[in-house]
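These notes concern the structure reproduced below.
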Amino acid sequence: MANAREKIIDRAAQEIEDGMNVNLGIGMPTMIADRIPSSKHVFLHSENGLLGIGPYPEAGEEDADLINAGKETVTAKKGASFIDNAESFAMIRGGHVDLAILGGMEVSEQGDLANWMIPGKMVKGMGGAMDIVQGARKLVIIMTHVNKQGDSKVRSACDLPLTGSKVVDRLITDMAVFDFTDEGMVLKEILDGSDVESVREKTEADFTVDKSLLQKEGSN
Amino acid sequence: MTKLATSFKESVRKIKDGDTVIAGGFGLSGIPENAIMALAEQGTKDLTIVSNNCGVDDWGLGLLLQNRQIKKMIASYVGENKTLESQYLNGELEVELVPQGTLAERIRAGGAGIPGFYTPTGVGTPIAEGKEYKEFNGKTCLLEEAIVGDVALVKAWKGDTYGNLIYRRTARNFNPLVAAAGKYTIAEVEEVVEVGDLDPNYIHTPSIYVQDLLKGETYEKRIEKLTVREA
Amino acid sequence: MANAREKIIDRAAQEIEDGMNVNLGIGMPTMIADRIPSSKHVFLHSENGLLGIGPYPEAGEEDADLINAGKETVTAKKGASFIDNAESFAMIRGGHVDLAILGGMEVSEQGDLANWMIPGKMVKGMGGAMDIVQGARKLVIIMTHVNKQGDSKVRSACDLPLTGSKVVDRLITDMAVFDFTDEGMVLKEILDGSDVESVREKTEADFTVDKSLLQKEGSN
Amino acid sequence: MTKLATSFKESVRKIKDGDTVIAGGFGLSGIPENAIMALAEQGTKDLTIVSNNCGVDDWGLGLLLQNRQIKKMIASYVGENKTLESQYLNGELEVELVPQGTLAERIRAGGAGIPGFYTPTGVGTPIAEGKEYKEFNGKTCLLEEAIVGDVALVKAWKGDTYGNLIYRRTARNFNPLVAAAGKYTIAEVEEVVEVGDLDPNYIHTPSIYVQDLLKGETYEKRIEKLTVREA
């Protein structure tokens, strides 16, 4: 599992391009920050009101007035700006944030996302997730391909209540990368060294396979 | 024309049973610590509290929960508070979960006299149930309504005696929106400065939004998740 | 006429109370600023983005970056703040401005106001007037009681296109002061030394007379 | 990752015939002088221009009118411009008058991804004609729609090379709203500073909204109505 997470994080980091403004969700997505090569100038957006998150502070330098959306103490990088929450979500809803990478519980072949509540369990709240999935110019979801019971989290339709409908642009799991296009869900990459057939077995959703991948498979 | 008020105790008397109170802060950062404590002491009941979070069990808005002063909580995330969970499951407490950006915009709209607005946030999700919707350029959007508080509680860094405020770093968060959305706004600050000491070009909350200004004698400023760099 | 304007301006200045945030319209209302006694701390709001207008600058001290809504060079008083236009109108629309005093072309007995266009003439625009008449907590209109032809500008209904419907709280003319209440339009004061009968003659609108004024008339 | 652009001439190439261009400024204060001149020189036609005013006959957006580059003007007040009047009366130019507060809010909504909002402004007036309306707490309000620009032209005081901007005094006016409402935002400044020179606590327009940053070599900063105190 640790290995699966590493794989996902490493692949997700490749989504980030020089000059982008990026929102990373709480938890696993936050860990992507460390994998952004220093050659890339990236502004990380924290929805509580910071554009330009820096690294964690050195011990003793932490500031209760400087936290990220996960309520962790952080720093601000050079060229950062502090903003209020309305301005912060104006950036998101207005399509100014180039990329958001969030965790998922289920993703459907329509690009629906569920990641905020499980019926019967205490609902803690959606925080900024519903705004981010609607507003980010590109939404990438990262999650393990199957749950602890081995069931596919990549579904024909989500069972769980949605965070957003038809919002996912790309899904990165420990097994594969999928894109959601006007022609439906497309398998773009296989990350675990297996093949299309194995991905189909582990995936409830219906998908087509990208040409480049078919050629590769054919040539093997 | 000073807005410097006598005491927190005196100022929170503005808050009556059944009132809607909007409070600034994100997690425990930038919360109006002293006003909340005075409100807990006053014991006012049946409050509707609007704030992004509800503090933790023994700090911030959690103090009002412990006292059973809150009838309804409007927030985007309440996961840090077990008292809330048990009161909610008991049916003692009503909770309205609002997406964070929609919450910020509803409060901003309340201050700006915009009674309602459309947003794509939440379409196709449980929060869309029962809401009016409308298409704009082929995109379905929900109608959301403004939130106005009988009283607003704000925490700023510095304030002058006319009520001009500036905030510090991410402790700004919801505070400027909240300041504008209260019919009566009580602002607490770490430092009171002379009129003219704040540069008019960089004031975050203009004096017009503030009715009472108070200096908090102490600020605990709890950190919820201390994270530091590995040396 | 100069005398009429003076009378209106002097009476209008009395509307301003200590601690108020006030918006004064372009033209005659702007001249009220000079009549506010220095004992009263008042913040004058300029909708282009200044709360706390100061006096005109001294010659040579004018700044193209510091103007009022009439595009005149001004100064900022101590404790002022500069804001953007959205924030400025948030103050107005949100009911934070205690009082606005604007000029009028016609006022109806319903409290309708017309002050922005004359059909057949080039329409220059309403500027911020439509927002201000809706948003200010109290709206006072100042104008001469009759036009150059001697016709009443205080009408049973406005002929001119409206700036706002049922928005006027108080009307101050060179002849009288009227309030607009749930019970209709009420004559509160006579300013030109005449009597109720004379005001009725010059006023097309239907109004009742305030008790205090009736008593005064009775006692004369 | 600098956003410093080569020249105004180069930057305004982004603007194509038929585009909607939003420009900051109030009267002649805080107008993007140099970008407007470059656009006049480029001669792009059939523009929809959104700005509170339309300059004067020989300055600011008036230059685009003289060149007959504007098809439609969206503004709150156009009284200072005789060229506008004659083109309007000729039927060459379409003019949409919008109350100033509604104009500011529509541009703000465009930047913030709010496609529409309700406002009491304009109810019962000619501008309400044909608009959807709805009651909120017994008060009738009109539905107004967001304005988004293909290109936004902004004038700031100082900007760093990432595109963070600060404005000076009332030259701020519509500029921060306009900056956020452009699909492509060209910001001109009086002074370019190093990244880190602007205090992150007091930035008016965060870098995310700016695509091109340019230093204007000169600023004429015309004063429309010089008023001074009697000595």
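As written, the chain order gives the labels A, B, C and D, with residue 1 at the start of each chain.
Heads up, the rule we're going with is that a residue touches a chain if its C-beta (ideal position, glycine included) is under 8 Å from a C-beta of that chain, and two chains touch if they have at least 3 such contacts.
Every value quoted in this text rests on a predicted model; they were computed, and no experiment measured them.
Most remote chain with respect to subunit C, judged by CA-atom centres, is A. More inter-chain C-beta contacts link the pair A-B than the other of A-B and B-C.
In terms of their C-alpha centroids, the spacing between subunit A and subunit C amounts to 55 Å. Each chain gets one centre point, the mean of its Cα atoms, and the points for subunit C and subunit D are 29 Å apart. Distance from the subunit B centre to the subunit C centre is 35 Å, each centre being the mean of its Cα atoms.
The set of subunit A residues that touch two or more partner chains comprises 76, 82-83, 86, 89, 92-93, 135. Residue positions of subunit B with contacts to 2 or more other chains are 105, 108, 112-114, 119-120, 167-169, 200-201. Taken pair by pair, the chains that touch are A-B, A-D, B-C, B-D, C-D. Residues 26-30, 52, 75-79, 85, 88-89, 97, 99-105, 107-108, 119-127, 157, 167-177, 204, 221-229, 231 of subunit D are the ones that touch subunit C when the two sit in their complex.
Within the complex formed with subunit D, the subunit C residues making contact are 46-50, 55-59, 61-68, 70-74, 76, 82-86, 88-89, 92-93, 112, 117, 122-132, 134-135, 161-166.
Only residues 105, 109, 112-120, 134, 136-137, 139, 141, 145, 166-169, 200-202 of subunit D touch subunit B when the two sit together in their complex.
Across the complex, subunit C is touched by residues 1, 108, 110-114, 160, 162, 164, 180, 195-196, 200-201, 203, 206-209 of subunit B.
Within the complex, the subunit C residues that touch subunit B are 18-19, 21, 41, 43, 45, 51-52, 76, 78-83, 86-87, 89-97, 135.
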